[in-house]
Structures are given as C-alpha cells and as structure tokens.
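What follows is a pair of complexes built around chain A, which joins chain B in one and chain C in the other.
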Partner chain A sequence: MSSDNIEKAYSKENRELCLSGKGVTKVFGFGNRKTLAVDNVDFEFYTGDLISIVGESGSGKTTLIKMLLGLTSVTDGKIFFMGKERDIRTRQKKKEYWKGIQAIFQDPFSSYNIFNKIDSVLLDCIHMRGGRRLKKKEKIEMMREACSFVNLKFDEMTNKYPFELSGGQMQRLMIARIFLLRPKILLADEPTSMIDACSRATILDMLLKLRDEIGMMIIFITHDMGLAYYVSDTVYIMEKGKFVEYGSADEVVLNPKAEYTKQLLNDVPKIHDPWEFSRNRREVTAPD
Partner chain B sequence: MKNHIRQVLRSGKFMTGFIIIMLILLLVAVYPLLNPGNPLEMIGYNSFVKPGVYFSLYDSLDMESRHVYRFRLEGADELRIYNKFGTEDRIAVKEWLVRYGEREGVPGLTEEEIDVDDRYQLLDLWWEHYDPTLRLGMTIAASRVYQRLDARVAGIFNLEDYNVYTIWNEELEEYEVHQTTVVNDDYVNVNDIANRIWLPLGTENFGRDVMKQLVHAIRTSLMIGLVAGTIATAIGLLLGLVAGYVGGIVDDIIMFFTNLFTVIPGIVLLILISYSIGQEQRGAMTVAVVIGLTSWIWTARSVRSQVMSLRSRDHVNLSKLSGHSMPRIVVRDILPYVASYVVMAFVLQVSSGILAEAGLSMLGLGPKTTDVPTLGLMMNWAMRYTAHLMGAWWAYYPVVGVIALISFSLNLMNTGLDQVFNPQLREG
Partner chain C sequence: MGNIMLEVNGLTTKYVTRFKENVYAVSDVSFTLEEGRSVGIAGESGCGKSTLALSLMGYYFAPLHYIKGDIIIDGKNISGMKPDDVRKNVLGTEIAYIPQAAMNALNPTRKVIKFIEDVIRAHDPKATKKDIFDLARQRFEVLNLPVETLYKYSVELSGGMKQRTVIAVSTILSPKVLIADEPSSALDVTSQKMVIKMIRDLMDLGLIKSMIFITHELPLLYNVTDDIMVMYAAQLVESGTADQMIFDPLHPYSKGLMGSILVPEDGTRDVKLVAIPGTPPNLKKPPEGCRFAERCVYATPKCKVSGVAYHDFDNNRKCRCHMSENELREAYANEQ
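Coming up: the complex of A and B.
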C-alpha cells in the first residue's frame, strides 16, 4: 500500500499531517529465529483524528507503537513527525519528541514502579512540562485538577503505592498523566484490555473527553472491532504485521473488503449477542 | 518496602539466623575485652593441653605464707583413685592381667572376670599379681611400660612424697631447694593461688590458647567473608546491570568474560591466583579480595537476566517517556526490583567467602600464618599437626562447629529473605 492510495481512499483537506511512516519494518532476532513483527507498513495519521488499529493478538500492534514512540529501533523504513523525518538520536531530542507523543500501555499493573509513590508519576509530568520550579502548592493544585479530570480524589491517591490501587484506578491515573502532559499524539495500547467492562466504558469516555479538551490525535489499539467502530474516525486493520485495510470507520465496518476484516467482523456479534440478550432479559425481569 | 522489612523481621528463619550471627558477633566483641592479648602468643610449653582451669602448682605449694588448710573429707581417697587411675592405665592393667596373669601357683584371669570400671578390684589384682622382676617373655621396652604403669599406680597414694620445691636464688644463680611436707589432707583456697589460667578450649600444637584464637579467627573470617561478599556482589551487580540494561555489544563483551569464568571452576582460579601471589604477600585482606574477584559470576548472570526482563517492562518505558536519564532509570526503576535478590546473593556470598577461605587455608594457600588466625588456618594447623590422632578434639571440633554454625545461620537468613521477597515481588 502506498501513500497515493491513502490519498485517494481518504480525503483529508484542512488537516495537518501529524505522524506518518513509509516502509516501516521491524524484525526480531536473526537467522531461523527471525520474527517479522511489522512488515513494511505505510501510514498517515492526521491531527485531531482518532485512529483505531485493529488486529488479533501477535499481529504486531504493540511493536508498531513502540517504534512510533522510539522505544525500539526501526529495522527499516522512515517515520515522519509533523511533516519532518523524526530525529531522536540524542537524549535531548528524544525528550523533546516525547513532549509531543505519549502513550498509555496495555497492562496497568506493570506500568508503575511499585517502589515509588504514585505522586511521583504525576510530578514527573509536571517537571517534564517545565514546572520544576513551581511552588509545591501549585504542583499539588495541578495534580488535584488532573485527578479530578479522571474522577479520582487526589487526597485519596496521594502518598499511596501503586499496588494499593485497582486496575481501573491505575489506568485512570495514566490518563491523568496524559492530561498533565498534553501531548499532540497519544498512543493508547489496548488501555482497557485488562479491565472489567464497567471501568472500560469510563476509561473510553475519559479518553474521548481528553481528546475534545486538548485536541490531540489518538491512536487507539484494540482487537475489538466493535469498540473500534464505536470510538474511531479511521480504522486500520492489521494482520501479521501488515495493514490489510484502512479507511473511515463506516467504510471499513459497513463495507469490508479484506477477507481478514470480514473475519474480524464476524467475531463481533459473538461478543455482543449474549450482552444484548442479557440486557433484554433484565428489562423483562426487572421488578419495577 | 517498610512492609517487607516488617515481614523479614517476623520471619522465623531469618530471625533465627540473625540472632545466631548476632550472638557470635557479641562473643567476638566481648571476649577480647575480658581476655586481651595476642592470640598467636605461645603460652604453653606443651602442645594440645586439654581444656580446663590451670593453677600454678608452685603457687599452691607456697607454704611460707601459710595458706594451707587442713580438711578431713570423706571419700577423698576414693575420688583421688577415681581421678588418677585413668582409663588408659586401667585398660593396660587389665591387658597385663589377662595376658601375663597366669603363673605357677597363681590362677589366670579371663577377660570376663575383670571389670575395667571397678578400680578397687583392678588395684587389688594388680598388687596381687604384678611382679616387676619377671620378664614373662616381653621385650625390654614392653616390660618398661609396665614398670612405669606400676609406679603410677603406686603414686596414686604416695602424695607425701611431693615435698620438695625450689626457689631461684638471684645471688648464687642457682635453685635453692626447700623442704616441706604436703599430706593428703592439705588444701589451698583457689583464690589464694596467684597464677592461674582458664583455657576453655585448651591449647593447640604450638601451645596457644584455642579459645582466644577462635574468637580472633571468627572475626577475621567474618571480615574476609564480608569483604569477599561485598566485592563479589558489587562486581556482579554492576556487570549484571550494565550487561542487562545496555545490551548489544557491551552485553556480548561482558558475557564473553562471564562465560570464560564460568568454564574455569572458581576454586581452580582461586588456587592459581593464591599460589602466584606467594605466601608472604597473602594477608587476610588479599585473600578476601582474591575470593571476591573470583566469585561474582553467578550474581552477574542472574542480575543480568533479571534486568533484561525488567528493561522491557512498561514502567521502564514510561520512565523513559517521562524523560528520565539512563542512570536514573537504572537506579530508580531497575535496581529496587533486583535489590532483594542482591541482598540474598550477598548473604550467600559472605557464607561462601568464609568457606572458600577455609578451603584455601586447608590447602595451605590461605593467609600467611604469622599475622592473624582464621578459621581455615586453625583447621589447617589442627590437620597438619594431627590433632585428631592426638585425641585433641578441642583443637578442631569447635572450629568446624563455628564454620558450620556461621554458614548455617547465613543460609537460614537467606531462606528467610527468599520466602519474604519472592511471592511479594510477583504479587506487587
């Protein structure tokens, strides 16, 4: 797939190119233990968009995210950030890059350093945004604001260790972190996969609210087609390290072209049917 | 973290080991204060003097100042016989009676008829049967042995003969002979005797106080263990962290050396290095450093593998995304996770450092012998001067016991730590 095709397939007037890649490839290992995790992909992501990348487990979603973040090296290909080829060769440049691009990871339980109090996570963000010299009171005020944005009470959170929080609370705190950092791009790697359905909806709502508030682009990784359809403007379908289909959410979901997409869509009702069923039943049996 | 410390303090195993080590340290701290002096000073003219309190015989014969009291105590003679007619002598008496007891007019005795523990029967039989003038087909040497035995048996009651003592006369430069009479009922008060020495563990082959030596040896060996353990843990931790976190070519180079060291057994390396340093240059600290330098391999390997799995954890990624520098990430986000392992490895390294010193010294490659005693050196001396053949158990059992006790309690501490840290880390 070339960038010409993308242009034709999806109009993008009035929108700024934010993050794009050409021939991005990642190979793990070498010799006969070689894994082609991401296979020569091209993409163009635009400011303010909410993009979903859908694919089953092991299709290379996390690997792509890590490359976009600059946490793993890119085996081949180029990544462009705000129109220019990104340069993250020194620590200073990386630091600058990470002011613009941030992430929420898959597993909240391994996203925290269990030896540090959670305040330090939020303080790091304030310091990164140049707030190192602020008064302690002002810092606390900022943290309080961030916590209340994700419906957490700062006074209940402060001085606690991560293992004293629930998975949902941890992930919400991660959103509070993004709230403080205000990056241009947020890469959310299945932020709800480890969390129960109830907190899942809350977290999604918060992400959407955050997008409206600070107008950032979100790349939302998921293996749930239904969820992708629900939240995103643009959907990329990933299979075995390749983008097999992309387009606006309606286009991809209502009129799938690739075999793999159809297969993914087939899986969706299987998840939603029982839910539908139980909802109906609840309506019937409800006492009042 | 606080929670962990509390749990460690509640762990029975850890506390048992800890208390034993603390008691040993207390002994090491207090004993030299009560009993100061050089542990390598040769105080005895004899080797392998058995444990006990020794009084100056000369001082107890001090008749001039009239410190002699007279008691008539019941059973005094019995006790005397009991004490002075030793097991070896009794066995020799029995042997003679069985082998040579039968002569014309005198019926022989069988083994069953004689009870070695019945001292009176033995004495009666001996006086009845023994005749020093008879050779009975023995070699001269053998008959001399029995003559001496006869003299000893007779001596049990002949206390009145100890009546001569001498005083060194400065002017004449010779011993002056003094005459006095000491009888069965004479006693002296122990507190009146000017010179006495308590040797809780006797002396060893050079006539040195084993207890004093042991206390100093424990201190030196613990120091050797601590220094060796610190060096080994520090090197292992540093190399493990760097290899595991930096990866790539740095990892390859470090692992090349680690593998090289893994292939050569540590003890061989230790022996070669110790040998090449030479006896006179090997102080206790040199040995400790050599042990430390040869035993970091396993710490490095396991720290490396732990760090490798930690470095791809999301909290490390998040720390990077927060703009932290590599040293800070290593110290704040990696080190705490391996800290508990490192503490446990350190405890084991101390223990194996002590054992390594003991092993080296047994081979004669330990610290030089003129400086300070170590547990290994004490073992070496006991072995070389055949303490076990002399029946001098006090020269080696306490040392073996202390080595076992130290490594037992350190291992116990390690197990206790392991139980506290491991399930927690996975959970947290």
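Coming up: the complex of A and C.
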C-alpha cells in the first residue's frame, strides 16, 4: 500500500466499520456462584485500527477475545462483523467466519500440532484461502514470500518441526500464517509475554507491518502499558469486565482520567520515574 | 564498603547432552557481591542466566557439571562440595533460590505452615512446633502477609499471593544470598509490584544480606537492583551501577539491549525499537574471538580472531571489549 492509500484508508470518512458489539455480556456459573466476566460492553472498531486492550489478570480481556473469535458463547448482546450480525450457528458458517478473523495466542509452544511439519502448517493456510488448485511451484513461492515477510529463511524451515524453533521464531511463523491467511481482523492475545525483550521488538514491528502493508485491523491484548503505548493508536482500559477509559494512546497514557488507569501506570516499572521505594533506596546508597 | 557476601572466581560449568556433547553454558564468570547490595543479571534467553543461578548454588546434578572456579559465600568455599552436604549446610541458610514458576512449587495437599516446618526441621530437627509457628507468624507479620495464609492450602491463594508465600517460606532462615530467577515474569504488573516490594522489604530489614535478581525486563531491573550485569553467550560482558548501565551503556551488546526498553513515558513512542540482528553463537563450539563479533556493527578483523578479557573500566565498571571507553564513545557519537 502506498502512503497515499494509507492516508485514504485511515481518514475518518473512508474507514469501514469492521467489528462492533452491543451490550456484550458473559456470565460464568449461575445462582450464587454467578461471575460477571464481561459486563455489558459496547465497542466499535474500524478497519486499519490498531487497538490495545489493557487490564490486569481477571479483568475479562481473554474472555472478550474468545467471544469475538466464537470460541465461547455470548450470554447476552450482539456482535456485528463487517456491518452484519455475525452468524456462527453451524460448523460451516464458523469456518467462513474464521476466514475473516484470526488470532495469535500467548504460548507459541502449544499453538502448533507437533506432528505437522512447518511446510504443512503454511500449506494449510494456502488451502484455507482457496489455493488448493494452485501449482506446487506457486505454493512454494507464496510460502517463501510469507517467510521472508517475517525474516525467516524458508529453505531452513522446510523439513523441520515447529518445536525445533525458538520461541521467537515460532511466534514469527505464527505471523507468517496470518500473512498467508490475510484475515480482516487479527486478535493478538499477549503475543510477546513468553518471549524475551530482545525478540519482542521484531514481533511488534511485524504486527505494525501487517497493519501498514495489508491494512489489517489488529486488537492487541496486554497487561503492559509500555507495550500498548508503543504499538497502538487507541487504548482501551478494562477493569472487571468493563471499559473504564478509552482514547488515543497519548491521551490515555500521558493524561489518565480513571483511577484504575493511574494505578496501572503507577505499577509499570519506569526508568525516568522509578517506584518510590526504589528511589529512596538509590538516594541512600548512591556512590559518592 | 560492606563485607563481601559472595565472591565468584572464574566459574565454568557445562551441560552434557544425550550425545555426549559439551555445552558450555557458563564460562569464566567472576564477580563479587557486597553485603546490603543487589545485583541484576540481564540477557537474551539462552545466554546462560538461569544456568548461572543454578551453578551458584553449588548443587550440581546431571546434566549440569562443574568444571572449575570458586564460589565463596561469606568466607566459605562451597565449590566442589557433595550435593548432600550442599543441601544440608548451604541451601536455605546461606543461599536461597526462587525459580520462575515458584507458585507451582507448593504441594496442593499440604498447608503452608507444613512447608515452613519442613524447611526448619531440615536444618534443626529439634525445633518445636511452637517455635516454628512463632517464627513463621512473626515473619509473615513483618512482610505484611496475612497470618491466616499459614493455614491455607496453596490452591486457595492467588498467583501473586502464592509467589509471595513461596518467597517468605524460602527466606525463613534468613539466607545470606537470595537468588531470584524471574520471580515476577508470570504475574501481571500489579502483583509484580507487590512481589518486588516484598523482596525490597526483605533487603531493607536485613533479613537477606544480598540478592541476585535475574530477568530480561530492563525497566524492572532498574527499579529493583543497585547494580546490573549483562550476560551474553555464557560470559559476562559488562557490569556497572543501574544508572550507568541504563543511561550510558558502553559494550555494543548492552547498547543494543537498552534499545529494547519499552516504558509508558512521554517521548518513548517516537523512538523506534531496534533489535540486534543475527542469532547468538552455538555454545557447543563457542567462537574463538569475541563472542559478539559476528553480530557487532563495530567489529574489526581483530575481534573475530582473538578473545578479550573481562577488564576494568573507569568508575568501577567492567567490560569485555577490545575497544577502550573513549573509542567506544567515539564510535557511538559518529553513529548519530
């Protein structure tokens, strides 16, 4: 996509409503043991957005993602996909729905079938997009393109099993899958939490590249405000199943309004403004 | 200058694989740790941080093998001791270790007080139940943990609470050195802060004399420890105080590592993250020259052939690089 096109796609009038929800609710258990995991949430996500949902564990982030993916049922409320109410009542319709919406999960090690080689993982994606009739040469060309998109060497990947790769490489292969599938929406559920800080930068840059080059809408789930601030345009803060605050990344991070956001920001380790107890200590023990 | 609590000289250990290949996961590591100070170890995954932690305990079992080097804790050399002696005389009283998944260490069928009983009885078989309970209650009160936790099963506790309980149990005998191996990486930010606050409290109250903290989260390290050491491919490459290391790294690898810092602060959004290109060397056959030479932008032909010692720089810093401090600074200035 050229820069002109990007600007066109991101301008308010041209943005298409991609995914929206009205009064989405999820209740686990019943009677006395009722737990409200997601509580009457409304949202509107547009194409080309990169959205972060931030909250501590147990705030309902993952439940929301599972509902959007259709992995758990919705207790109440409606989810609209590309302007129409989504219909995933049969297996066939679900498959059709998943062509438009895909996910990357937290743990790359358990995301793969250990009996399938890497080529077959990628080949499945080509087939799912309707490339079953293509010639073998064309398929390999597509796989090579996907691998080079994520800086993996395709020739080293063939004839290997996913568990022979490192965590960072596996997560990159996951992104190569997404590149081949080209869904409209990508849900990334803490994709960097099990990867060390050095490979994290590459993963984040690839997500940004997916957005910029393919125009995918990405929902990024995290508990780390630093990550959310770096990647996203819009940040949603989730507390106990509700969005307590949302706005552009700069607005939310630099001028938080909700108490909960302030507390989250305060709990993230920072380098220019260290925690009170570490600051006091450093002043006492600082070398002369 | 406080007493030296831990002194490590040229520690080298290896793993032996199924195919009898040697993997040198810690090679020639030397550092000292003074009383009342804490040091952090940073590095990529697979660089030997956790193996260093295991090696420091002196508790070797296959596939980890000790090759050479001294580990001196408060004047007592523990390297080369038998595993049984180490378990009875060193672990718990001299060194305590908190692994990454510490919360999974609690047996779900026993109450928390039972674990404390086990730890104390292992070192003092004659301890009475009352003594144990008094000690446990006093320690939990000091650390702001609810005393009822002692009579709970581990499944009744939340993740952060479990982690804090494990830390309280493992430091109940007031060890001289605490080794914390990513104690907070499985927790969210709120519980992470509580865990870190507790570890800091332990240090400030003098219940543990010194601490080694391992993580790859640099902003966290800056908040927790006084000094930071950076490890690459089984060797230490640079050490200095936290301020020096975060704001003024000298070694090209530390410089690259500091490029991966993500914090929600004004101005950080516009700075592009830089990942270090390439992959770390294979530790089965470590390269002869500088181990970082393959990935280093400033490498000269000399770097690839001859190795370099871990030598002193100004301001109590140490670095493993062929270039001098001025040369490095010049190189970085030219870059910008």
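Here is the rule we go by: the second predicted complex is superposed on the first by the 250 of 288 C-alpha atoms of A that agree within 3 Å, B and C clash if a C-alpha of one lies under 4 Å from a C-alpha of the other, contacts with A are read in each partner's own complex, and residues count from 1 in each chain.
By definition in this document, contacts are C-beta pairs under 8 Å (C-beta built on N, C-alpha and C of every residue); 3 or more make two chains touch, one makes a residue touch a chain.
Keep in mind that this is a model prediction, so the values were computed, not measured.
In the superposed pair of complexes, A:212 makes contact with neither chain B nor chain C. When the shared chain is aligned, no partner comes close enough to touch A:85: not chain B, not chain C. In the overlay built on the shared chain, the residue A:197 is in contact with chain C alone; chain B does not reach it. Once chain A of one complex is fitted onto chain A of the other, the partner contacts of A:223 are limited to chain C, with no touch recorded for chain B.
Of the two partner chains placed by the overlay, only chain B lies in contact with A:113; chain C stays clear of it. Looking at the shared chain after the overlay, A:164 reaches neither chain B nor chain C. In the superposed model, A:124 lies in contact with chain B only, and not with chain C.
Counting the residues of chain A touched by each of chain B and chain C gives the higher count for C. Overlaid on A, the two complexes show chain B and chain C touching no common residue of chain A. Across the complex, chain B is touched by residues 66, 69, 71, 91, 94-95, 98, 102-103, 105-107, 110-116, 121, 124-125, 128, 163 of chain A. Those residues of chain A whose C-beta lies close enough to touch chain C in the complex are 56-57, 166-167, 195-202, 204-205, 223-230, 249-250, 253-254, 263-265, 267-275, 277-278, 281-282, 285, 287.
Residue ranges on chain C touching chain A, taken from their complex, read 36-37, 44-46, 159, 187-193, 196-197, 200, 204, 216-220, 222-224, 226, 241-243, 246, 256-257, 259-266, 268-269, 273-276, 316.
Contact residues of chain B toward chain A in the complex are 1, 313-315, 317-326, 332-333, 336-337, 427-428.
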